[in-house]
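Take a look at these structures.
Look at the two complexes coming up: chain A is in both, with chain B in one and chain C in the other.
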Partner chain A sequence: MKAPPGISEAMFSEALRRFAAVVGKQWVFTRAEDVATYRDAYSPLKNEPDEKVASAAVAPSSVEEVQQVVRIANHYSIPLYTISCGRNLAYGGSAPVYSGSVVLDLKRLNRIIEVSEENAYALVEPGVSYFDVYRFIREHGMKLWVDVPDPGWGSLIGNALDHGAGRTQLPYRDHFDAHCGMEVVLANGEIFRTGMGALPTAKTWQQFRYGAGPFIDGIFSQSNLGIVTKMGFWLMPEPEACLVGSIRCRRHDDVKPLVRILANLTYSGIVNCQIPILSPPFLSPLDDAKAALLDKPDGGSAEQWDSYAASRHMHFWQTELRFYGPVSVIEAQWNHVKGRLAEIRDVQLEDGDLMRFPLTDEQVDAVAEPVVLGIPSLAVFSSVRGNSGHLDASPIIPFSGEALLEAQKVFAQAFRRAGLPQKLGFAMSYHWRSFILFQGLWLTEDAQENALMRGMYRQLIKLAAERGWGIYRAHAAFMDDVMSTYSFNDNALLRVHEALKDALDPKGILSPGRYGIWPRKMRRAHS
Partner chain B sequence: MSTGRVLVLITIIAVAGATGAPRASADSAISPDSSWSRLGITADTTIQDATIARGREVFISRCQACHGDYPKDRKPGLFRLDPMPGTRALELRYKGTVPALLEQRTDLPPELITHVVRHGIGSMPMFRPTEVSDEDLKALVQYLTRKQRR
Partner chain C sequence: MKAPPGISEAMFSEALRRFAAVVGKQWVFTRAEDVATYRDAYSPLKNEPDEKVASAAVAPSSVEEVQQVVRIANHYSIPLYTISCGRNLAYGGSAPVYSGSVVLDLKRLNRIIEVSEENAYALVEPGVSYFDVYRFIREHGMKLWVDVPDPGWGSLIGNALDHGAGRTQLPYRDHFDAHCGMEVVLANGEIFRTGMGALPTAKTWQQFRYGAGPFIDGIFSQSNLGIVTKMGFWLMPEPEACLVGSIRCRRHDDVKPLVRILANLTYSGIVNCQIPILSPPFLSPLDDAKAALLDKPDGGSAEQWDSYAASRHMHFWQTELRFYGPVSVIEAQWNHVKGRLAEIRDVQLEDGDLMRFPLTDEQVDAVAEPVVLGIPSLAVFSSVRGNSGHLDASPIIPFSGEALLEAQKVFAQAFRRAGLPQKLGFAMSYHWRSFILFQGLWLTEDAQENALMRGMYRQLIKLAAERGWGIYRAHAAFMDDVMSTYSFNDNALLRVHEALKDALDPKGILSPGRYGIWPRKMRRAHS
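Up next is the complex of A and B:
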């Protein structure tokens, strides 16, 4: 057992002894084999000297225990790194940003405190996963859906706080946007509630998010300013049905009217689903002809790409829309969309499945894409098969076909120059009014290969930022890199974050380094 | 009756007894040692041994989402993902020489199960003691090796 940097062995032992007195000694993990389970399974630094590792872990089971643990840590200046379900794989998992931190594992805070069917919300603790809420809803026969991210074993609170998203409709699929009310433990152990939760007799904590005064929930997302111990989420009433509409466009430039029309329909509320945009020519494996196009300064003209796609019998763009609601309404929505898209020459519009709810267990098992129906799944991990993990560089791209084309070429050229295979490379409108154009990097057990991937990740951050496409969420190893690109006015935003850190956590015990926010005493070393 | 079952029962009674709009409050149904929920898990009456029954619940709660069965005639989605990545990975690895479903295996060494759960393998991550406690892991081993003792 190694103490956190700057903490004496004696002081650390004393702190651990006091943690154990609070949570029970079986919930303080100091044996090497237990602490190793807190490693980042998808670490880009795996088995290297710089791999981010914990010194120990402590797992309280109640908010009161969290408060006591935090007070002890604050007394001894022990850095704590908070995780909820610890399944934020590709973004750091359960390992700390600052090596030597004690992981504050909130998995045992796993109570579904309330689910209201009438007003469609849930109040949960950090250890509650999407699977848990889904099973709870189904077990109780409630006519509700919970929007789920691709891996369903994550925490509702953890995912929302990291700005994660799912694939049903707005506002539910932007998980932070769908939250209503928080309970937060501060670095001194004090607890408070946001929004209406601050009213001792509140009847609308999960229904009116603002309360009175400044709306501060956002400062606890992608940060280290407090520990969120409860959070409310709006749930989606189970729709009568879901209708799928498939769209294929033949040419390179068709994406311009396609996205322009879909964006307008999204802003108008007629299209409300997550829009995936896939380009078979860009997603197909690199061949000589494609390499020749990417080696051109402009990444290939529209005519050249059209010729490339036609010679391989590929459509250039493909997407699927989903409409959720009463059959008469969603059929009318899809018919309207088809009418609007008819202006795109040769567009193919195909009516897909119409699925009615609720589903039987057998129907659930047979669903092709569970996540789009609010059914948690781990199917996304089939895309990682054969590797030891992956990283996602996730730049936010404007909601336009022109931007999408530019970004597709810029990133494809970057991978070509680096001699690395481009993984993922499709666009998803997880959040409202923008795309994420995922750039996947596969990790292995080979340190040299992983070093190449780290270099590529940093290059993608830089390339994206130069073009105004910020990365929205970062792996723990790259949080400083990403935050350094949000540098308007001499990094004024980061300085505000630091001012908040100094005020709320003057000893800097909470998750040092998360999203580039370092305690004052560590700032120079990480600037 | 276990603590977890009592909590489920309390929850069901509370919901059934509520008037007006459906609204549920719950402590979930929590394993005595770790954090998995028994919600949605029905008992297998053919299993008499309490440890093996507990191991089955751990499997359903923690393993089945990757290592469960799936309909082979399932229509592929837009992204063509395999519904059960663990099962599919073992299908590809063993090509039918041993069952891809862990629950059907009769050759799993206990030490291997323990090692994989705590260390992960390939793209499968490790599981922490707060997810699968040491006692739960022993029960899981008993469940996955039960056919070897017949």
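Up next is the complex of A and C:
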């Protein structure tokens, strides 16, 4: 057992004894094999000297225990690293940003406090997973859906606080945006509730999020200013049906009207689903002809790409839309969309499945893409088979075909220059009005290969930032790199984050370094 | 000219001279008749010794001038009170919360920096009004709507920061929720941008609001932690058409299924408009029979109210829904709604107007209710004729018929007990998932009557808070009263607000007292 940096062994032992007195001895983990379970399964620093590892872990079972643990940590200046279910794979998992932190594991705070069918919300603790809420709803026969991310074993609170997203309707699939009300424990152990929850007899804690005065919930997302112990989420009423519409376009430049029209329909609320934009020519394995295109300064012209695609009998773009609601309404919506898209020459519009709800258990098991129907799944892990995990260096790009074309080429060229395969490279409109252009980097057990991937990750961040495309979510090992790109006025925003940190956690015990926010005493070493 | 409390005349004169050197002498207002233009037109303390008044005003014309003015104020510890267009009537208008503050009037920062038709957003400065954006859109022939509040002469930024709302679709009508990206000047004159705006070459500042790291925008709403100098807003694409559907229910208890069904349809996105719920029996003038009902402890049973309404040939509830979009879609939506509401016995469902867009100038002038079509108007002022203004003590209540019935009776009884006429008393679903139950208090030129209204305002706040219904927006004279009801864990939330205040504005120069947040040095006197 190694104490956190700057903490004496004796002090650390004393703090751990006091943690044990609060949570019970069996919920303080100090043996190497127990602490190792908190290692990042997808660490880009795996088995290297600077792999980020915990010194111990403590798992309270109630909010009161969280408050007591935090007070003890504050007294001894022990750095805590808070996790919910610890499933934030590709972003650091359950391992701390600051090596030597004690993991504050909230998995035992796993109560579903309330699910209201009539008002379509859930109030949960951090240890509640998407699977838990899904099962609860199904067991109680409630006509509700919970929007789930890929995969579904993570925490609703953890995912929302990391600005995660899912695949159904807005506002539900933007998980932080679909929250309503929080309970937070501060570094001094004080507890407070946001929004209407600050009224002792609140009746609309999960129905009106502002309360009165500043709306502060957001400062507890992607940060380390407090520990969220309860959070409300809006749920989606189970729709009558889901209709799928498939769209294919033939040419390189068709993506311009395609996205322009779909964006407009999204802003209007007529299209309300996540829009994935895939390009077979960009996604297909690199061959000599494609390499030659990417080696051109402009990454290849529209005509050159069109002839590349035509010679391989590829259409250029494809997407699938999903409409959730009454059959009459969603058919009218899809028909309207078809009419609008008809202006694109040779566009192929195909009516897909119409599925009616609720599904039987047998139907649920047979669903090809469960996540788009609010059914949690671990199927996404099949894509990482044969690797030791992956990193996600995905920038946010504008919701336009022009931006998508530019970004497709810039990133494909970057991978080509680095001699690395570009394994993802498709766009999804997870949040309200932008695309995430997925860029994955696969990790192995080989330290040299992982070093290459780390270099590539940093290059992708830089490349994106130069073009005004920000990374929205970072792996723990790269949070400082990502945040340093948000540098307007000499990183003024980071200084605001730091001022908030000093105000709410003056000793800097909560998750030091998360999203580039270091306590005052560690600031110089990390900037 | 009277200096702010605690500031010597000499120091104040020096500060004013330095303000003048920055903004020009003609934009520093110190003459009594000029400063008087900043008085609250709807003050509940009008002409009384403790009416909240400014000592002076300063009107910079650029962000750089704002920074310089703030630095000077910070140097001399001069309290500033920031206003955008100064039109926040019923909530304090352009008068400060802390008497003697210098009004920082941002009306000259009136640039519409960008309106993107393709991506449906606007980036504006604080002095830009809804009328300004509406005219800009119309003059440029853009197929966009801006959601407007009643009335439309206020600032987009000011309204959104006060959690104001309008009447069209979600998310647009929840003005703070429909913002994307801010630029803020801190008390020390530092400037920063939030979200993707922190990337120097940002391409999605108005398209993705989180950026990376904590999402801090909300702390600048209903508060005094910084000065917002730019803000982006999502606009709604001009719909093909708008269809009105009218609904009437006969009985007291019909509101339970009515709201249950409409709430469910709202959560599903099928109904996406603001839902006003009016009750002729509750809204009609008080007569002896109604007084007798309200004098009962339960405020009258369903049967008693039904016979009251029947004897007066009143239906009990009415609402109008608006559907915005392609004719085929909105007809399918309204038909679906009619099908769902058919379970309410004797419900009357009537197809209203179908209006197609764009409107000609003549059609615009003839529109009966412009605000529901995104047309700014001042028509709402006709309702306050014959008074010196009004106060709004409107609580947020749950989106349910049960809550609405309880609240209707509780507030009607309160007015009856006080011997005051209840002039409003209807519910509107301005924000996402709750009702505002409007409670207005009319002001006069008579100090004694106004004192009665102030007492009533405080009673309404208390009455609402006891039942778990929070006031969402407060007049400057009652901000401390309202915030004191948000008292969970001994007002822990207010202490968090104060910690943020001390961190970002240690000298407490920005809008002292706004939403109950006082600088450290004034805290004791006001709590």
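Throughout what follows, the second predicted complex is superposed on the first by the 527 of 527 C-alpha atoms of A that agree within 3 Å, B and C clash if a C-alpha of one lies under 4 Å from a C-alpha of the other, contacts with A are read in each partner's own complex, and residues count from 1 in each chain.
Basically, a contact is a pair of C-beta atoms (placed from the backbone, for glycine too) under 8 Å apart; a residue touches a chain by one contact, two chains touch by 3 or more.
Because the structure is predicted, anything quoted here is derived from the model rather than measured.
Judged by the touch definition given at the top, the superposed model places A:Y42 against chain B, while chain C stays out of reach.
Of the two partner chains placed by the overlay, only chain B lies in contact with A:K107; chain C stays clear of it.
By the touch criterion defined above, A:E118 reaches both chain B and chain C. In the superposed model, A:C180 lies in contact with chain C only, and not with chain B. Between chain B and chain C, C touches the greater number of residues of chain A. Of the two partner chains placed by superposition, only chain C is touched by A:Y210; chain B is not.
When the two complexes are overlaid on their common chain A, residue A:A499 makes contact with chain C while staying clear of chain B.
Touch criterion met: A:G325 reaches chain C, while chain B stays clear of it. In the superposition on chain A, the residues of chain A contacting both chain B and chain C are 118-119.
Every residue of chain C that touches chain A in the complex is listed here, in rising order: 118-121, 163, 169, 171, 176, 180, 186, 190-194, 196-204, 207-223, 225, 234-237, 239, 260, 263-264, 267-270, 272, 324-326, 328-329, 331-333, 335-336, 396-400, 403, 431-434, 465-474, 482-483, 485-489, 492-497, 499-500, 502-504, 515-517. Chain A makes touch with chain B in their complex at residues 27, 29, 33-34, 36-39, 41-42, 57, 59, 86-87, 89, 93-94, 105, 107-108, 110-119, 127-128, 131-132, 135-136, 138-140, 142, 152-153, 276, 278, 318, 320, 365-366, 368-370, 372, 376-390. Here chain B touches chain A in the complex through residues 15, 20-28, 30, 34-35, 37, 39-40, 65-66, 70-71, 74-79, 81-85, 88-89, 92, 118-120, 122-131, going by the rule given at the top.
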